[in-house]
Amino acid sequence: MFTFHISDELELRILENRHAEEVWSLVSLNREYLALWLPWVNHSIYIEHTQQYIQAELERFAKNSGFSCGIFYNQNIVGCIGVHEIDWRNKKTSIGYWIGEAYQGKGIMTNACRSMITYLFNQLRLNRVEIRACTANLKSRAIPERLGLKHEGTIRHAELIYDRYYDHEVYGVIAEEWTN
Amino acid sequence: MFTFHISDELELRILENRHAEEVWSLVSLNREYLALWLPWVNHSIYIEHTQQYIQAELERFAKNSGFSCGIFYNQNIVGCIGVHEIDWRNKKTSIGYWIGEAYQGKGIMTNACRSMITYLFNQLRLNRVEIRACTANLKSRAIPERLGLKHEGTIRHAELIYDRYYDHEVYGVIAEEWTN
Amino acid sequence: MFTFHISDELELRILENRHAEEVWSLVSLNREYLALWLPWVNHSIYIEHTQQYIQAELERFAKNSGFSCGIFYNQNIVGCIGVHEIDWRNKKTSIGYWIGEAYQGKGIMTNACRSMITYLFNQLRLNRVEIRACTANLKSRAIPERLGLKHEGTIRHAELIYDRYYDHEVYGVIAEEWTN
Amino acid sequence: MFTFHISDELELRILENRHAEEVWSLVSLNREYLALWLPWVNHSIYIEHTQQYIQAELERFAKNSGFSCGIFYNQNIVGCIGVHEIDWRNKKTSIGYWIGEAYQGKGIMTNACRSMITYLFNQLRLNRVEIRACTANLKSRAIPERLGLKHEGTIRHAELIYDRYYDHEVYGVIAEEWTN
Amino acid sequence: MFTFHISDELELRILENRHAEEVWSLVSLNREYLALWLPWVNHSIYIEHTQQYIQAELERFAKNSGFSCGIFYNQNIVGCIGVHEIDWRNKKTSIGYWIGEAYQGKGIMTNACRSMITYLFNQLRLNRVEIRACTANLKSRAIPERLGLKHEGTIRHAELIYDRYYDHEVYGVIAEEWTN
Amino acid sequence: MFTFHISDELELRILENRHAEEVWSLVSLNREYLALWLPWVNHSIYIEHTQQYIQAELERFAKNSGFSCGIFYNQNIVGCIGVHEIDWRNKKTSIGYWIGEAYQGKGIMTNACRSMITYLFNQLRLNRVEIRACTANLKSRAIPERLGLKHEGTIRHAELIYDRYYDHEVYGVIAEEWTN
């Protein structure tokens, strides 16, 4: 009921305990697809893991240091978008996201990210938003590129996924640049 | 942005830290009016008190045990409505509320309560919602009476307000009765 | 050794860890009888549950927000009487209790409650004590009725016991009324 | 009301928040006398210090690791006796105490200690109780000597009181020796 | 006594409470110089701030998530070098440092960083170490450049110092590259 | 790397998580030998127990209330020496230690203790250090006797080891006496 309306089809909602089952089902259904770049998926075996995640994210929300939303597409949860640790002193944060394979390619995530960035700049009054993606994860990189974030560097060996190190491409946008 | 839409004019939002100033201004402006029945108003001297209140309510929200909303009327905060400790084992809770004097008498609170009760029954799947009001607080009692809650008893000396004990009228509604 | 002397036969003691075994034996012996109205009895399988309960009650005692006593009848534990969360701001609390079937009908609980209420009014300086019982639990209701507490209302669907909702009868007494 | 009866005149009670004022008054009245050997007395300026002490002792009681009692003589608090950290693994603990100057010399503390040691051996099933006193504090040493505890050693520079180090005389008693 | 020996003149020690006074004196003496790029210096008014900082860093050390060292040059503290949050999952961390103006230009910090990076790779078995510095802070950037870390990007508006945003130059080194 | 250098062969290091395996192997290899006087050895079955111990000791170090060191002999861990709870108010503490059987009799522990006592007096500015050993544990008693600590008493039934109580011999040394 507490929703961030984006369009008739698309809205974001702060994840609460009662969403755990739907999120967990989505993860289970897309386990192989998601696990390619998200190693935590392999450890999210039982619904309790999703419940713990939601609980931890609500505690972050309560501490005003970030939060996670379900992406609702035609009233169903199709993915998640989260605001990582907010650095209030430097007025910046970064965003992460994932979506079920079946909902990929419809512009859902681009729209969700665009709205979230607008929220972070206009409502939370932040100054900088960052998105990082593995160099080889072209689908994930397409989001910040499509939204016009500036490519700022390549952080080598930034992430260890299944015994291999991957580089991160860093994209950033400053509040005064954001015209979406 | 995360809103519970009730009508074009009216919506509820989970109170966050950035709402503290507006809530505190509203309390300050209505101090005398609100303090009649709400003794905490006299202790809410500085904006820090409102910030602490919002912080504590967000922690309750994170623990899934209740939450507080700002009532937004034409985009301005005009009052608050809160869900007290949720008793999940017995699937029941109670509601409290207050509104600025200038916004009194427009049906705002009746609408906010009606929507909140519907949310508690339909979304959170509770079975019983209770509203309590001091016997002499006719304006507050009018809300549950207008919404058709059943009067269930008179709890004597239930509240100590400025060195005098007041009785509480208890109103309750069961999920299966709710047709609003 | 730290005892609340009521009569030659009857005394109350704050429950400590070393009482766990005797309390647990009593619960085990009366499992069927107690479980009729006290669903927690079914989850109190191991002595560890009783130990956790005693530990939690001692922490409440340390926080000055309530406590639980063993009812000692001729030096044996025959039941428990507890003071729920004390509402110091409004100077009120409520009482709960249970007793082994074999000790039922001897006036033990009526005496224990009478002494406890006197303690709450005279020593802790509270203003109101409440006792609630399910409408159909006639033995439990007999205690406040025998002690002259005023019936103040019927709270519908107040408790969920084994998939059925039960109403609560509310009884209250104010300090100035108490002449026991 | 929860009392450890020693004689018609003498009893011990677990200290609760509502005893703070009486304890603090006693300390204040005996400040100079007590401060000779108890440096904490000089830091116990406001009643809040006594309240914090009682709170901390109740938390120790809740954790089953020791507790403090008021010594009630003809219904008035005349001193305190406390059980320090209980070492459950080795079944031993130590005792500390102080009494107002006016109540000194009546055998009150000897009786209180005797009863407490009996309680520790018989009720808590400990095996060893220790009392330590500064070499020069003859009044304090008289208690364990009068009760027949064995002198076991002299711990040098055990305590720093007002910039001077004092030795401790250690007295101990084993359960099987205790015939009081 | 617990020291990380670098040379006859230079060693690192985990900061403990007893170092607070010397660290605080050094900060006080270099307040203007340090505050140019380190805004926290302006809030480090009293020795208690240094004590709190050391306490917090020791807690990080205890949690195995990073630590801070004093840089001892001829037995005197001349600066600090700290390991920020260690990301054990991805086996990486970053380093920060500052030094008193009088000790600047002697190669002390370059040596301290070199030894620290060697420690992080060889002892803690990390895979990546990062150093970030504001674009305009040439002295700070000289350290990673002198040590041969690779420049990986420019993070825009990464830090807010006195109402102006500054960009960060990011330098990184991978374990297999490190031959120092 | 952070080491307390005693001689070319001998040094102490604050135990960190990465030392857990080596400590645990040493305990496992000497289980029978150590368990004679150290009952905890029998409960230290899995490496997790050693990790928990190290974690707890690091937290004590962070709170400035004591710490544990590995004894490194020719770069291998051969035993542990720990500083128990430091009593800062009275500027005193006590020391405990154990060593693998194969390293016994080389003067390693005497040297480690001597250096540790010097550190406690000279660096931490304590006034008294105590060593306790069971009366029958002649090897352990030899350390304080060799170092010239004064025998101060015999604490009866101080420790329960496998259902038998043992007395403790107490040895103490005052800062001004220490000339090692």
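We just call them A, B, C, D, E and F in the order they show up, numbering each chain from 1.
Going forward, a residue touches a chain if its C-beta (ideal position, glycine included) is under 8 Å from a C-beta of that chain, and two chains touch if they have at least 3 such contacts.
Values in this document were obtained by computation on a predicted structure and should not be read as measured data.
Path length between chain B and chain E in the chain contact graph, taken as the least number of steps between touching chains: 2. Farthest chain from chain F (centres taken as the mean of C-alpha atoms): B. Chain E is reached from chain C by a rotation of 180°, derived from superposing Cα atoms (nearest 5).
Two chain pairs are in question, A-B and B-C; the one with more C-beta pairs in contact is B-C. With chains reduced to the mean position of their C-alpha atoms, the one farthest from chain C is E. Centres computed as Cα averages put chain B at a distance of 60 Å from chain F. Taking each chain's centre as the mean of its C-alpha atoms, chain A lies 50 Å from chain C. For this pair, chain D with chain F, the centres built from the Cα atoms lie 32 Å apart. In chain C, no residue touches at least two other chains. Under the stated contact rule, the graph of chain-to-chain touches is a ring, a single cycle where every chain has exactly two partners.
The sequence of chains round the contact ring, opened at chain C and continued through chain D, runs C, D, F, E, A, B.
Residue ranges of chain B in contact with chain A, taken from their complex: 1-5, 12-14, 16-18, 55, 58-59, 61-64, 119, 123-125. Across the complex, chain E meets chain A through its residues 89-92, 127-128, 130, 150, 152-160, 165, 170, 172, 174.
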